[in-house]
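Next come two complexes, and both contain subunit A; in the first it sits with subunit B, in the second with subunit C.
Moving on, here comes the complex of A and B:
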């Protein structure tokens, strides 16, 4: 997209650890518990396994080229198809941000408000999102260095307070019918498919040394954190888990410590919300960068981030009280679109890149 | 550059105006009623909710229990809670509600008709303690206790006294009760609170004094103003949401040892010491190790419970020689055996009674599903009816 290199491998790893996991902490644990019961963690593990395959493919594609994604794609597929695909990705990122954003809005409403608050309380998010989208990847990547430690603190608080409250036999039996695991896996898909981000962020990498190894380790850490959260969550709520939406504000309140010192766990929840807001902002940032690239706007253009943030704000405004209808709607009508954009196209692109590279090498040798 | 500055200025102005005029719609704390406990009674045309409130206001006067109570009726529980807001103009804030009392009238129907409101609602914490009242919930919340100005605070103290230790009070929360109801066992337990009158009349700040008798049906004003303390050593048994029976204090105590560790739990036993003195001794359980397993033997399932107790005599109602006292509460072999038999009998009684009432007290159907999943479909029908138990109890001297 742009030739200015602004992202280190370490920062990319931090993004994978924090932002790939935090968006799955809110509605997903309850949702997958409803579909897969005690096999929820298994279904989520399958999702992570599939996501890793895509991440691996994206990393190979990133590592094998010195060109930007847009340049490589134009070279292989031609400009019209590349432009169309990129615009579809911009749409995908806007829709992808929609459900996590609704989750955040509801979490904040439930945590701080007794009545239904106006959307204006959520306006600071859009201001931050606009600011980051306008500033670009450079500002975002530097923020992530701080976010990792905020994330670690939030995890420490939430896990320390919730782990002792769980009854882990609730996860038995381990032998589960594959249909139950598949149900959860398929239902989970709208929260997964993040690795495609790496394909776009690859343009900004300053170096690519040990890229695959480092990103793999980061992804495993991210997966372990998320699966552990789902395990603890189910151990705490067992047969009523499917009703316990917004896990971070629910699962840590049973510690006897809290009866003396109050809802300390809210601190962890608020920190998670902060990170979640960043993870959602990343989608809007990428959508902005894509539009800038396709329509050849200047990178510090004012109107594209404003337009994208406004579209997202309008979506939230119209569906603010319809989170579960919205999830059902996205699953029903956008799931195939998500699968194509998050899984199919990255695979096609990677395969095409490898074939193209080999072909070019053969041509060079023939000459 | 100037246009950009103007844009940021407008955004800043909108945020500032919102903050200064609406506090971002945060509700002023003085417009909220902090509901600290809720009592629910079934009435003819729906539910009656009794809410004990703490109104945040600057005052140095303490509020009495019966002065801080609001009632409301509604077709459903939610309706009744909303009615509190309509009547008072406050926003009823339920996130501080730590105690939910169900009146005896609620148990005529499936109790989950009431409890699932708290699972459904995001406004009430499902970590709230759930208990039953021997009488109406309203009476219990209106009672005056010498332990605290607010009756629900006094009650809560009983339930959270020694949270991690086995005791005769089987504290349960909305979450715990609901998990069991929706589990394969479909059973549950809930402590029942009885009011016990004290001789202390009126002065709420004095400590609890001698206990006299169980309270009657209530009635005249003087009786209503008699301070009471609370006894929650009986637990109600539930199957499929319906109350089916009760467990007494000792049964609750020994049952809870399979869930929690024991440190300083007590039970009484008739004993005879080496000098031939006889009477009742109060035995202190200093340590308990337990295990509960569902085993399949020759095609049938058996519940095997093992309980190892380290006990000592804490007190007797008869004089003992210095030699006996100097042994730091050691029990002789005969008394140890007697204690073993007593505990075993109580556990077997609890198992058999709950089994006959169809209440899966030890969650055996859930154990069948978790640990013998392959057999679940074949055995689940009438599983509890065909189940036998074998409790092995070993009592040893603490020192």
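Moving on, here comes the complex of A and C:
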């Protein structure tokens, strides 16, 4: 493991707390409110519960092996199948980054700028994304340690300004039909499925002490933050919540407008945008690492991040103004692919790892 | 080339190599033999050479070999010299060299007396409370100031010679058992590998031992104060003292060090914490404020509270320049004034302030060339700039970068540049120590002397990021 590829359990926990949450802050609250109404937070809770199962499976897989994911997979499934699966994961991460990228682009364009800015204002994002992806996991994980403080400050600002404005009886009644919860759960799947990231980041862990315990606590914190945001969001907007996209910028504006102290809430949104850059780049970074692994580009990590960020930039260039059509397209055509990559394959891999390990142990004992 | 038994030949060869008027060849008779004392007039103590070396040798009865004439010299620091180049080097370093006829060995005597100013308070690190001594240009004096504070046999001072022509003495200073030996070895190796004509100042060393040679961020700590230097050695850092420079260096270096002041440890902890927070805020203001103001004016008017917005609108009415150009030009004028005021004679400084503040500032506002908020923001940014003087070289470049990107892209440009900057700083290591320690990687123990500092009595452990063998500051156990 080179010097640029180190990750501690603490850093992994910070990634789970900050980056897993922030990607769900923009469009998801409005979408889930549209599908599940006041049961939105329940639907999200079910999403988190399912995600936790996958996280737990991934953590067991990571904990049970001293080899990298690629090596273990090659040992169990053979090289051709491993390479194919890894390439599919690279594609998955590129597509997975597409929706948050569109969200980020539209948040910036529609909320921060008085007049619609040109695409050129957003495009430098890809230069920064390329730079972060090129710098590798070590620099990325260290950056997240700084971002945790930024995230805490942003949350404090947004929650402090929005919590008093909520009418929490809007969330009643608590007993909701399961179909409504399921509708929200299934409709939101494209925003979830992040735990598979842990499977890939597990390769860079320098130690695995208390890995499952610490990651579980971090995941719970992440879930609580996101669900709280959805609760407060729905309590503020009630029946019109489904039309209030880019939640952080919308939910805290009332207290600001009334007190006329300037748009202090923008500060929180700016900080969330900063964290979002890393949240999106994490997918690109992982895609880069996967391509490097499969094609053995260990010493040439300049062109791969460049190629991946260029593909992403082209996607944004062509679909920049079609955020909701694009989200609907991804939901319609890529949801099964997402389910396989984010939920099914990690489970298959974990089960295979455990069986393989037991089998090997039995062989050793037999010898 | 080895020294010969012939004094005439040796003197001839040496005088050919260093034929300068300030190199003195003083001939005398030592016992029954001819001898020559060679020394540099301005670097050596000629009284000492006369009284402690020449006179005893003249009074000696008989001198047969090197041991005989070494025995009569009344100085503790002597060295045998076998080659001409060694003799030349010693003379040029300020030592006296004694050559005696029929003896093919020279004797160097430590009689260095280089010109040195008095130990005074350094102008770049004035404090209200605490020691006022500052380093001078003489490495020996500087080392004595350190020894005065750390009286332990474990305080090591290793001398290296750097510079093909200048032959400057560069000393590595560390406390054995406290400093990480890996850092000492790495530093020694890096200094040994420096290949330059001359080392005029310690900044030459900084450029040579830095990992990222093109970076605008400091990678080596620097101080003019022996108390700061000593406390850093006690923490486990390794110091560098360069002969001819009043600025001593320390490695590893982390960004946080620039926000720490020696005074923080001498004053009330609450006040020290408040000062540190102020420094952080000042740095953020100095870099970001001009950029945010331009971005707000150009792209995000909704950022500005209404009452303030109306004031700004009133003051920018009729200004011919766009907000970004206006800010940029004002900043440029500020930087020129700054540059000029540092280098101009002191007595012109007052006139300069009048010209800068009144003539340029006031008149420009009255003439409608620039707006009052712009002047205020540049002034505030300029004042904040000096809250952390060690960072001002970097801050001035960052301020221009942020301002330029804010002018082109607005707030999102600032966010992107911040992300790039965070990643850049987090990817940075100084002698194996993460540059953003103790915040990234996070270390709660090391945060006791972070932006918020704990009480001194509670700071029992040395910083973990320095990987010191001796982890406990106070040997309680």
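In the analysis below, the second predicted complex is superposed on the first by the 357 of 367 C-alpha atoms of A that agree within 3 Å, B and C clash if a C-alpha of one lies under 4 Å from a C-alpha of the other, contacts with A are read in each partner's own complex, and residues count from 1 in each chain.
The working rule: a residue touches a chain if its C-beta (ideal position, glycine included) is under 8 Å from a C-beta of that chain, and two chains touch if they have at least 3 such contacts.
Model, not experiment: these values are computed from the prediction.
Asks: Quick check on the superposed pair: does A:172 touch subunit B, subunit C, both, or neither? Answer first, second, both or neither.
Replies: So A:172 only meets subunit B here.
Asks: With the two complexes superposed on chain A, say which partner A:8 touches: subunit B (first), subunit C (second), both, or neither.
Replies: A:8 sits against subunit C, while subunit B stays out of touch.
Asks: Figure out whether A:240 sits in contact with subunit B (first) or subunit C (second), or with both, or with neither.
Replies: Only subunit B; A:240 stays clear of subunit C.
Asks: Is A:318 touching the first partner subunit B, the second partner subunit C, both, or neither of them?
Replies: After superposition on chain A, A:318 lies in contact with neither partner.
Asks: Where does A:112 make contact in the superposed view: on subunit B (first), on subunit C (second), on both, or on neither?
Replies: both
Asks: Return first, second, both or neither, reflecting whether A:253 touches subunit B, subunit C, both chains, or no partner chain.
Replies: The first partner, subunit B, only.
Asks: Does subunit B (first) or subunit C (second) touch A:266, or do both, or does neither?
Replies: A:266 sits against subunit C, while subunit B stays out of touch.
Asks: Looking at the overlay, what does A:274 touch: subunit B (first), subunit C (second), both, or neither?
Replies: second
Asks: Just to be sure I read the superposition right, which of the two partners does A:121 touch: subunit B = first, subunit C = second, or both, or neither?
Replies: both
Asks: As a test of reading the superposition: which chain, subunit B or subunit C, is in touch with more residues of subunit A?
Replies: Comparing subunit B with subunit C, the partner touching more subunit A residues is C.
Asks: Taking the contacts subunit A makes with subunit B in one complex and with subunit C in the other, which residues are shared?
Replies: Subunit A residues touching both partners: 112-114, 117, 121, 124, 127.
Asks: For subunit B, which residues are in contact with subunit A within the complex?
Replies: On the subunit B side, the touching residues are 4, 11, 14-15, 18, 22, 24-27, 32, 91, 93, 119-120, 122-123, 125-127, 160, 163-164, 173, 175, 178-179, 182-183, 369-371, 373.
Asks: Under the definition above, what is the set of subunit C residues touching subunit A in their complex?
Replies: 299-308, 409-413, 415-416, 418-420, 422-424, 426-427, 434, 436, 439-442
Asks: Which positions of subunit A touch subunit B when the two form their complex?
Replies: Against subunit B, subunit A makes touches at 110, 112-115, 117-118, 120-121, 123-124, 127, 169-170, 172-173, 175, 237-240, 243, 253-254, 256, 259, 302.
Asks: State the interface residues of subunit A toward subunit C in the complex, per the touch definition above.
Replies: Within the complex, subunit A touches subunit C at residues 4, 8, 10-11, 108, 112-114, 117, 121-122, 124-125, 127-128, 131-132, 135-136, 138-140, 142-143, 145-147, 149, 260-263, 266, 270, 273-274, 277-278.
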